[in-house]
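Some notes on the structure that comes next.
Going by the order they are written in, the chains are A, B, C and D; count residues from 1 in each one.
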Amino acid sequence: MHEKCGVAAIALTERAGARPLYYSLYALQHRGQESAGIVTHDGFQQYAHVETGLVGDVFAADDLDELRGNVGIGHVRYPTSGGTDACCAQPFSVSFKSGSLGLAHNGNLVNTADVRADLEERGHAFTTWGDTEVIAHDLAHNLLEADLVRAVKRTMDRLHGSYSLTIAHDDTIMGVRDPLGNRPLCIGDLGDGYVLASESAAIDTLDGDLIRDVRPGELVVLAEDGSGFDSYQLASPPRSAGCFFEYVYFARPDSVIDGNLVYEVRRELGRRLWAENPATTDVVMPVPDSGRAFASGYAEAASEAPMSEIPAGNGDARGEAATDEGSPDVEFAEGLMKNRYVGRTFIMPSQDERERAVRLKLNPIKSTVSGKSVTLIDDSIVRGTTSTQLVELLHDAGARAVHVRIGAPPIVAPCYMGIDMASREELIASDKTTEEVRETLGADSLAYLSIDAIAETLERERPDLCLGCVTGNYPYDIDGEVTDRDVQRPAVGDASARAAGDD
Amino acid sequence: MHEKCGVAAIALTERAGARPLYYSLYALQHRGQESAGIVTHDGFQQYAHVETGLVGDVFAADDLDELRGNVGIGHVRYPTSGGTDACCAQPFSVSFKSGSLGLAHNGNLVNTADVRADLEERGHAFTTWGDTEVIAHDLAHNLLEADLVRAVKRTMDRLHGSYSLTIAHDDTIMGVRDPLGNRPLCIGDLGDGYVLASESAAIDTLDGDLIRDVRPGELVVLAEDGSGFDSYQLASPPRSAGCFFEYVYFARPDSVIDGNLVYEVRRELGRRLWAENPATTDVVMPVPDSGRAFASGYAEAASEAPMSEIPAGNGDARGEAATDEGSPDVEFAEGLMKNRYVGRTFIMPSQDERERAVRLKLNPIKSTVSGKSVTLIDDSIVRGTTSTQLVELLHDAGARAVHVRIGAPPIVAPCYMGIDMASREELIASDKTTEEVRETLGADSLAYLSIDAIAETLERERPDLCLGCVTGNYPYDIDGEVTDRDVQRPAVGDASARAAGDD
Amino acid sequence: MHEKCGVAAIALTERAGARPLYYSLYALQHRGQESAGIVTHDGFQQYAHVETGLVGDVFAADDLDELRGNVGIGHVRYPTSGGTDACCAQPFSVSFKSGSLGLAHNGNLVNTADVRADLEERGHAFTTWGDTEVIAHDLAHNLLEADLVRAVKRTMDRLHGSYSLTIAHDDTIMGVRDPLGNRPLCIGDLGDGYVLASESAAIDTLDGDLIRDVRPGELVVLAEDGSGFDSYQLASPPRSAGCFFEYVYFARPDSVIDGNLVYEVRRELGRRLWAENPATTDVVMPVPDSGRAFASGYAEAASEAPMSEIPAGNGDARGEAATDEGSPDVEFAEGLMKNRYVGRTFIMPSQDERERAVRLKLNPIKSTVSGKSVTLIDDSIVRGTTSTQLVELLHDAGARAVHVRIGAPPIVAPCYMGIDMASREELIASDKTTEEVRETLGADSLAYLSIDAIAETLERERPDLCLGCVTGNYPYDIDGEVTDRDVQRPAVGDASARAAGDD
Amino acid sequence: MHEKCGVAAIALTERAGARPLYYSLYALQHRGQESAGIVTHDGFQQYAHVETGLVGDVFAADDLDELRGNVGIGHVRYPTSGGTDACCAQPFSVSFKSGSLGLAHNGNLVNTADVRADLEERGHAFTTWGDTEVIAHDLAHNLLEADLVRAVKRTMDRLHGSYSLTIAHDDTIMGVRDPLGNRPLCIGDLGDGYVLASESAAIDTLDGDLIRDVRPGELVVLAEDGSGFDSYQLASPPRSAGCFFEYVYFARPDSVIDGNLVYEVRRELGRRLWAENPATTDVVMPVPDSGRAFASGYAEAASEAPMSEIPAGNGDARGEAATDEGSPDVEFAEGLMKNRYVGRTFIMPSQDERERAVRLKLNPIKSTVSGKSVTLIDDSIVRGTTSTQLVELLHDAGARAVHVRIGAPPIVAPCYMGIDMASREELIASDKTTEEVRETLGADSLAYLSIDAIAETLERERPDLCLGCVTGNYPYDIDGEVTDRDVQRPAVGDASARAAGDD
């Protein structure tokens, strides 16, 4: 329902699989901090250890030793507002007529209720409200009537929505990516076996080599002896719908998704952000840590740009910091220091001390800010709360002007594909123009990146991306929402490329 | 598989059900310390809170507040050697086509594998290895095809073994007792509603009145508004098979089971123990706390007995302490003091300090023991380890003689009906004569109570009791064991009534 | 200030001391559940492990291994209303010019403030508000100026109040009992060393032999090689002032204090309770577990008593249950069943469910109670709250009459000697006559034991007991209270021996 | 003994002091994660809450509410190898003749044993082995004989070593910095009161204004009503000895210490690092997070430098990446991604998986590294273990060359002033030349920053810095070490400024 999760799977020749899975989950921890789990199989029986908590807290050395077998799957689950019940921790396991089945799921189905109703009609009873149990029951059902590949195909045909799944059917380990390839999943070679993971950084952690991404609609079956893998292209839709937000925010910078290194994508988005809306202020500073790669690209582009290319209308920058010749003198500096110790147990200040809470988390460096015109770079604006506080913080620290540049288009609609951003009402840009958002933020100017810049950076056609959250048009049929097949190619990108506050 | 558990259910007119269920589970805590759980329903949805731990640790006040609704069921689960996995904590809940289903189970099926295989054949997938999930699936299946009462009947017809179940089908609360009535279950009136519980002490705790026991083979359906209950006699076998060990050891002394107050049964068994095998030693002392009621009856009988009735052959007592007239002068005294603080976290002494560990738990009172001939009374001997240590302890404390009297027959075979005593190999009496057990214990004499004494005390015919653990013949068909329908009425009772060590 | 604690000390020839100390503290756990601690010394340095919690929770096996050395001391601390701060956990340790000093203290000084002020005058600074730190500083101070024995004597001369101390000065282990011998302390022989403990049950636990009690005013110094001990009689006052409440309530039944087995004392007090105020009702039942030994003695005395000796005026009993010849037919039975699982985490019922809470802890056995005239026996009444609830409970369960018999005199004044009973206002008997207390309790009759019965049972002169809590006259000078040296021998005992409600 | 800690103090006009102290400690959390504590005073009595753990875990909202009063002090303590015993958590509190005393200490005395011996001679007894208790006793002693300022002066005269102390004598709050000013301490204005803190970032967190640093040898006494503060210059030595390592590693980048913003110092040290040993490789990358500010300055200097200024001998860079005109084309990029989730509970891989552990913590971004000549920037090298692993990691990731640049001189000797770096044997540079260290690291070149660069950046004379760890000559007399007063101005700086591996 709300899984912004990480999945992994492994099949090794001789070594036990639990420890490599454990390290994989550590590498994917940023994708989910609510629960962690590993399911293995030793050829005779299934072993499972699934608990709420961080990877490091869930598994003790003994737990890993008891997870026997050379093959297995793993999962980390994203925390959601809806409670941290152990009920929905994964992998989800069942045993049935044809053996055991374990599933780890990243993504979100949009027809869970229908599939569940069908299964209930046949007498199935469910212990949770999650879509993963529904997938497990459907697959178990199909495995009674068909061979493995055919059963997976039948289940895929029945499921609508986004899913990257790792599956353990007894000691047969598989990975599946939904036909539109919304969530990432890749294959790695470990020398003595193979690994599947949401992100390539997990493969790096195991000292393995990224082979390639699992293709949209592809089923990958790992040989149980770690000797190889088979591929079955079970669906071949005319388009794909990869999530661009993985690149902007969610994935690790050191992961390669569908051929693009996330860090480089962010730097390039930063360069394009400058190109589309340059603000040659005294100093460029990232919101740590999310804006750092964008800011680095932005500053780099700025330092390389001949003054003559700076579009007119950015009087702020030109008039103050730029010279007519050479590159504009834009300093890149950390202007906000992050306190890494502020965590869950923090006692919130009372209302009148609220400002102090922000300063506890992010403290401006006065010498970088005071008396300066500042460009603040972040990856995205969701609710706008933090951005508003940061702009105020910088003004309070003496910034002469605060120009905000965002490495993504305005988020105008909710995500139904597995990233639990916020409801439409909570999204600051859902009912505000960029100028209105700027005003709310209190920024001197505000510019988002265009959709086109993203598509070009990723070298995809716009219809091959899921842009639901920035267009409101989705690649899947969702009750009450518009499908992107029905709409003209929107011109939103151009609009958003124009900065508010500039004239 | 191994559930020596406690169950409860409630339907109230106006009050929320969670707190009364919580107090019920406290009253039943002795039946299971591994996990506790409550499932309620408010007419719209089901609420569940199930965790490993004691009742007091599992539920905080907030948890109870969140368990909304006037109806619900509860469960406490017995700790077993097989691990304390949260997977098997109960009540077990599923949702299916016709709503939600919660089950709390005390007992043990003997045909779980068969029922499960049938269900798997139909496509069912299971998340645990417990028999409770199998019952839940079977009942859910039947509820799709039949009305409530008929569905329960179909499931009862399919299940073999012992079960007292409380069931919540949405807000319909039920209780079922297996056709032989092996495990206890009773109904209580709370004034503003009705309660079902494994033992009447739970009803007392709620200040309610015990109405009667649920009859073997009976389904009791509580009106969801707490206004009454309906009874359906769904099976009427020609015999019953109540567990006598509930009276001897497991149940609370203050509970009334099938019409008998447990405390009075124990006292009467103690009286009969004296009658069958009097040992008129200087002092009679219980093993605390299990032997106390037996010892109290034993001593009472002793003090009332005219000397002339004391059978010959008990030279020990007669020669020393008895006079020819009046009652023998038998003192009843606590001779072993129990340390109630020795618990789970206790650090075991090394091998050579092992004896000290026993003394930490039970310390002999020297003045009661030293130089005396002692009768030590306990409820039963399972492995014999503790008894052996206690006899040694009393000898070390200066006892001139230690005569052991046991308020139950020798345990010679395992229990398949829900009490996880031990395997046959571990049972000291499974391959030893009473004389051999006496020798192992190091006791000066040893006598068990006869089976007949138990049947007579409970005013039942022997075929109306489950005597599997003391005869090896079971009321249900169990692979590799003998059914008591196939055997002659055994003469074991008479044999065991003769004390070893007497001549 | 409020220490109703347990202390231990050990010196062994070869074995490490930490494990035996650990088992000793387990045996003394009933004397204090708030914190536990052990201090050892290996000839070179001191090791300490002190924490809040039960013995089993405070020490892991590793902790014991790290407590090196063959000698040491231990302490368990009583929970108090004043908070469970780790600050006051003991043993209390300091290091000073002449080495290290560890102290474990049971008792309470009445001149702490004076001694502390003297020490502060000399420049001492204190980290806690406890009297143990004051003793430690005073002793450290004296050890700078005098040899060991002389230093202890100087400190003893300075301290007023009750104290049984175990002390570790480097690897020299000592025990001291205050000159009036208010708190218990005894010496045991372990074969390979010696042990000091608050109660002899701790010596039993270690399989040792009780040698004798440490005498009031005596210092016992254990040889550091476990080969023996030296005794120094450092004070010899003309009287002693042992606490009778240790026998009545606080000590373990299996301990021997100053020559008397606690269990036998309680039985004898029960016998005298019958003798002073017989109530020949249908049944005699203890409040579990505190009243059990008293009730057993009471019932025994009753069953032995010729009817003719029963004093007139107990019409209740005589008229109903007694016959003119032989002993009165008084049944001894458990009529209240205790739920041992009700602990700290119990969620209290709301006001209107309050009665249920009592029944959760103690459930009446109806067949024992219903329609019967009942004698309820307990050790003492402090606030009277529980007694009142129990009387009501028994009436509700159908008791025709409830006669309360108490194995101690009325508690009329607070304890300043180390047992944190209650303030004077909270004591139900401090401002009420026995008849008024009976009325409050709702009992049909109420009788306390006389002070003389206690003195006679303990074979002491009354001036050799501390009777402060039952007379209001104390053996030490306490601000605002009367010293028992100033009062005539009171006649309280006789008064209290007359039962209220009888006529 | 080993305190690399943080201290704070506060006096407010009306508000309670506990919450601001709590936020201050959060801001200082990087200075110590072992324990945290706050001591307040409300004019009548002292309140304390001190525990092991992080600030967020130590204090619940209730704890803060119970710390009454408008004044107080706080402390966070650094974890050390010597155990996490609660014994040494601070503030350390005593009560004595003249009231209460609370102390929070950052630094390390070098004459603890002497001062302690003096106090023991006078009869003082100590509960811990820490130097803070010694300071407390000495100050308490002096306060008995002198007024506040004179007493503090006497104590300062007695103490040798480094210390920044915050002190609460009843409700009088003070701060003291040792005469050489080794550890930082500063004063801030909160509008409604004053604050003392180890670092100015704590003042920022409270929305206050940094007034100035407490001067070496100065006592600052805050008015108890928050209205102001008095200053007493109690020692005026001819030199100071501030710790340069605070700037290099320990302090927050956003703190200002003795007039220098730490972030700017690090950037400037990075610039000088380039100036002293430029390596114009393809890419400059920091070790995250410690090397980031250095790398940013280094890259900035590189991008500004005319090629002609690049010293001969750096063939690597010049030959490949540089052009003859303009700035060398040096890219600044993140090449190592840090996994922020790897924490205390991490299960270490077995020996053959050890490499994987490094990659779990820091993963190279292949596109940034592969085929490139890389300059890796870090703040310092202590043991060299991590540096060696990182160099290997970068080589494995395909780096053509790895040039290491370090923003501090070689650490050749231990710190006795309060930073628990390592013993001399563990310091990689203590017995190795820079060339030997380079070889151990496996780097293609290695260069440290010169001492002079540090002195110049901080605008101090070398004798006004504590350079013990990089020279082996200390500003205080330490047994077995050389005092810097005895040595000629060393030429170490020049030597270390020459890079190993260059020719």
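Methods note: a residue touches a chain if its C-beta (ideal position, glycine included) is under 8 Å from a C-beta of that chain, and two chains touch if they have at least 3 such contacts.
Quick caveat, the model's predicted, so the values are computed rather than measured.
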- line: Chains adjacent to chain A and to chain D under the stated definition are none
- prompt: Which chain is most remote from chain D in terms of Cα centres?
  reply: B
- line: Here the gap between chain A and chain B, centre to centre from mean Cα coordinates and rounded to Å, is 54
Centre-to-centre distance between chain C and chain B (centres being mean Cα positions), rounded to whole Å: 36
- prompt: How many angstrom between the C-alpha centroids of chain D and chain B?
  reply: 65
Query: Can you list the residues of chain B that touch 2 or more other chains?
result: none
Query: What pairs of chains are touching here?
result: A-B, A-D, B-C, C-D
- request: Sort out for me which residues of chain B touch chain C in the complex.
  value: 19, 22-23, 26-27, 29-30, 33, 54-57, 59-61, 64, 201, 204-207, 252-254, 261, 263-264, 267, 292-293, 296, 300, 303, 331-334, 337, 339-347, 349, 353, 355-356, 359-360, 363-368
- line: As the complex stands, chain B meets chain A at residues 86, 92-97, 101, 117, 120-127, 129, 136-137, 140-141, 144
